[in-house]
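Two complexes come next, and they have one chain in common, subunit A, joined by subunit B in the first and subunit C in the second.
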Partner chain A sequence: MLTSPAAAPAGRREGAEAVAHRARRRTLALATALIALLLVVLASLALGVRDINPAEVWRALTAPVAGFVDHDVVLDQRLPRTIVGLAAGVALGTAGTLIQGVTRNPIADPGLLGLNSGASLAVVCAVWLFGITSPIGYVWFAFLGAAGAAAIVFSVGRGQPVRLALVGAAVTALITPLITLVLLQDQQAFNLYRFWSVGSLTGRGLDTVAWLWPFIVVGVVLAAVLSHRLNMLALGEDVATALGQRVGTTRTLSAIAIVLLAGTATSLAGPIALVGLVVPHAARRLIGTDYRWVMGIAALLGPVMLLAADVLGRLVLPQSELEAGVVAALLGAPVLIAVARSRNVVGA
Partner chain B sequence: MTNLRAEGVSLGYDGLRVIEGLDLTLPDGKITAVVGPNACGKSTLLRGLARLHPLDGGRITLDGTDITAMPRKELARKVGMLPQSSIAPDGVRVAELVSRGRYPHQGWFGRHSSDDDAVVTTALRSTGVEELADRPVAELSGGQRQRVWIAMVLAQQTDIVLLDEPTTFLDVRHQLDLLDLLTELNRDRGTTVAMVLHELNLAARYADHLVVMSKGRIVAEGAPSDVLTREVVSEAFDLRAQVVPDPVAGSPLVVPMGRFHSGA
Partner chain C sequence: MTTDAVETAVARLRAARRRRHVLVVAGMILIVLVAGTGALLVGAAGLTPGQAIAGAVGLGDKGDVFIIQKLRLPRIEAAVVVGGAFGLAGALFQSTLRNPLASPDILGISSGASLGAVTGLLALGLSGVVLSAMAFAGAGLVAIAIWLLAWRKGLHSIRFVLVGVGFAYLCSSLVAWSMARAEENEAAGVLIWTVGSVSDIRGDQLALVAAGTLVLSAAVTVVSRTQGPLSLGDDNARSLGVRVDAARIGTLLLAVALVALATSAAGPIAFVALVAPAIARRLVNDGGAALAASAATGAALTLVADVVGQHALLGVAAPVGIVTGLVGAPYLLWLLATTEKRSR
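Right after this comes the complex of A and B.
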């Protein structure tokens, strides 16, 4: 009709070029994220108070010599925190993308929805009431706390972006003084919480990861399955429904995946701020709006940001080390401001 | 052909009844326009027909089958709906948005087939937005954007297309443009079109079947020339008006009277 016969073939050719361009862009983004991940993992194993060259890191991993300090440092100290960082980072990147997608809110993250404060309250209660101080013990409490907060926020928020944010804020406002109350009661809880609440990759060992990795796997698989549904939901709840999606199912499954992922990340590394918020924005910048790709790239960029923060913390303050949670916040805030200033804040 | 029918349908919000016991059959392969004053329940009715709003009573059938008994995706392969509340995510490009209309035809991860590509290209071409395929939707004008949404619904490949006030934010030229486009789809593809419209005279001109609603019920329905009388306008809209033949299309033209202008 309005398309003139002469214009049509030109339009098609442009389309084919765009498809090729998009494929190139995706390959490039994927390669960039993978290389960045490889580099931060290497840096995390090699850098610190004692710098160890990459060849020696490789030997430590493949043919360790018992009693050789370099190898012991790599295997006993840096490998565990790197693995914790990988696990928590993947969980945070994926959870953040899911949360922003399902709430259609570009500033949503586990903190905004009250999950972190729920987990924190459960952890301090575990220490206070049951005297549990081992990570393996309070991990489950962190989980329960996150799930409890999520249940309240999602059931009252009913998927309406503003309502979710408000309920999340209310839950956080309610929980924060409760945490303070417990901390004032119990010195032990206070000491543990002080360290835990900052967010660190060194508090928990590989045994915690060994317990929790199945949750991350289930969460990531769920997120992958949900990503195409989020593409429809981004067009509005009515459009998604009209396209044949059961939006309620999408929400419920997302909430489950979010609790699994954010709960695990919080259990592993404490309530780390901004990674879940910033990473999805960075991923969109690299790859565009298709959640199937955003999810994958965010899963790679999550550990990049978290491990980079951890390594920087080791280098900035070599003696005492700056916690990864602190550095992540310091790194994330400017990125967030840059995102806010740019025109391309993606609302969905 | 598929036949969408409401039988004794009641709809409401939080216990407040908007529509009570309404019957309506969308004529096959025709254009139906639903008009009525604000809050008469016309959008709610359309949402009910598309299963976007739960029924309080009665049932809606597609070829005799209750639509609530169908899987949602199956319904979405037969009935397309463009709601008012559609959102184009920032940064999304035209072709990408249109290709999301393929969702009800896809599996769980939405793998794109060459079949999908062909359907999307056809949808882009028949709505005249093929050249815009690689442009971000956010950069388009209102008229272009509405065409893109219609292309998305076309990519759904349904026999029935429902549209909730598709012309509301368009200027007069783009309103005509869009209604011409819908007429063309109806004539070329035999698609059954049903839409809620605000503009009475355009509804009368473009619809084969006009439904006038007021206070949750149908005041009159049928061919526009039979339906749109002075009495019906007065009853539905509480408006004094003259109805004259549209000099361009011959359809009824409602010329409203106000307190200061009451005509000869």
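Right after this comes the complex of A and C.
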């Protein structure tokens, strides 16, 4: 490393400024994320086939008039999907950041690593073998499937971060024919799956969220606790170990949190791809590399992206709607390609 | 040693290699014949060899003739032609990119074909050759887009694969959306198309694919003269007078055309293009691309997988792509696990 003697005192002088600058940047990022979240929540409640002005939305939430169509639309249709979007978005944003941190791999999210397909297979099997069709019933299967896929991916893909995405693709390729095999057996499972696999915020009632939110809370709390360890891990496994961290414990706890978050999100909204990939990148752009902050901002930006995708899907095709999962993939794929093209990912 | 002695030694070595290559191809053809015979005789209506032969030449019981000529024979022919095309294309990809991972399955080409076909099936109500054309166009467009985006002073295989994964997400989310919007029975057709199946290929489609595969294979034999020098590395190939970039792009275009053609008729039958060349190379074991052996292995693999899928899986008639996926994905995982160890 090159440090000229003259640079040292100058660097110290700039230290205080840098701290102030960082604090400003954090406040700004937090404010940006919160305002964005507020705006998309409002948009999600107000926009659609029937546009409702914000004042009316507010009245619907605070003093609803029974039988007034605008209020019914807000409360019965848009509020549930907004809340599902908030819950699934928080889970996906946090899970994505956690996966990217613990694998030290910028190209990772629950979909790319095959966790979503593992959860899908388990859910399809639950429908086929046990006739379970409610999210509350199959959430356990989703956890189990995501955990199984995670176990394969992490054990095969260990060591070389970028390979992980390839291993995830291979696991997905292994699971997809199994899913198809079940779907060919069972018409009911097929009909459920083809609406579910698109990734939609509708069709899940508030009762599902009411039942599943504790899993998200546990996952988010774990992620928050782990974020400091991820900072050390980012310096390399050896450095983290030298700093007194049990890397194995970090990995295990992260895997638990990831499976909880990804499994819950998949149960709520279906296998939604690329939100978990894009959101941490956006958060890092806003706030830098400190995982304690990246995690928090990503938890706010997750629902921003998911709800924005949902609203866009309503506006682009008002008659038949593009589901949130489709729009998220359409928005996320270019980001994935851009990240793949960037020099520092593949080192060539 | 005298020059003569060296020459005879080299000639003997070459002859031995050629013999081995021929032997592998012959072995694969034998497998095709055995599996094909099995596929002709076994099924919902069991036939004796005599009935089958009579049916094949158009004599004997009318029902038998229909079963052989309209149901079983076309399906066998389709598996062989499509499998051969996938195997050959995979060998070209892998030798040109010098990467055992390179296959259309993880290069995003299949997803483009699926999107093209599903659009044709559902939005435009197409079938047969026109539908194949849609799939061909989808595969070609996505392949070209992936290459343009992944090319940066050459092809880096991981970047290539990741850009392909991006396109796969793009296409598969749209396919899933179309499937959710479709009628129930149409959706089932789409599902089977997206895994790859040789059961519903019509006569005109088959003729088109067979003719196209023959033409492309002929072109491959012309291009394949550059494969040997290319496998020695770009600089050595250049010093042997090969125009490296032109040869590489030409070969890859042929490979994409083969895959797109096969996919357009049968759907993206998973991993044949990945696995067949790997088996063939190991059997031939001369350090070369083993093009003919890869094609023969692809044909044998696809046919055997189709027979297994028809008769041996969970009591449903599974499309061939399910069987090849279940075989190929673990191989890919194994490949990833072991190449990682080697490179450390």
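By definition in this document, the second predicted complex is superposed on the first by the 308 of 348 C-alpha atoms of A that agree within 3 Å, B and C clash if a C-alpha of one lies under 4 Å from a C-alpha of the other, contacts with A are read in each partner's own complex, and residues count from 1 in each chain.
Keep this in mind: contacts are C-beta pairs under 8 Å (C-beta built on N, C-alpha and C of every residue); 3 or more make two chains touch, one makes a residue touch a chain.
Just so it is clear, the structure is predicted and the values come from calculations on it, not from any experiment.
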First, second, both or neither for A:Ser320, with subunit B first and subunit C second: second
Contacts of A:Arg194 with subunit B and subunit C, given as first, second, both or neither: second
Touched partner set for A:Arg284, first subunit B, second subunit C, both or neither: first
Comparison of subunit B and subunit C by subunit A residues contacted: C
Which of subunit B and subunit C A:Leu178 touches, first, second, both or neither: second
Which superposed partner A:Ala234 touches (first subunit B, second subunit C, both, neither): first
Set of subunit A residues, in rising order, touched by both subunit B and subunit C: 345-346, 348
In the complex with subunit A, residue positions of subunit B that touch it: 47, 50-52, 71-77, 80-93, 95-97, 100-101, 103-104, 106, 108-110, 121, 124-126, 128, 130-131, 133-134, 156, 181, 184
Of all residues in subunit C, those that touch subunit A in their complex: 101, 105-106, 149-150, 152, 156, 158-159, 161-163, 165-170, 172-174, 176-177, 179-181, 184, 187-188, 191-192, 195, 270-271, 313-314, 316, 318-319, 321-323, 325-326, 328-330, 332-333, 336-337, 340, 343-344
Residue ranges of subunit A in contact with subunit B within the complex: 1-3, 7-8, 10-12, 14-15, 18, 104, 224-225, 228, 231-232, 234-239, 241-246, 284, 288-290, 292, 344-348
Residues of subunit A that touch subunit C when the two form their complex: 107, 111-112, 152, 156-160, 162-163, 165-167, 169-171, 173-174, 176-178, 180-181, 183-185, 187, 190-191, 194-195, 197-199, 273-274, 320, 322-323, 325-326, 329-330, 332-334, 336-337, 339-341, 345-346, 348
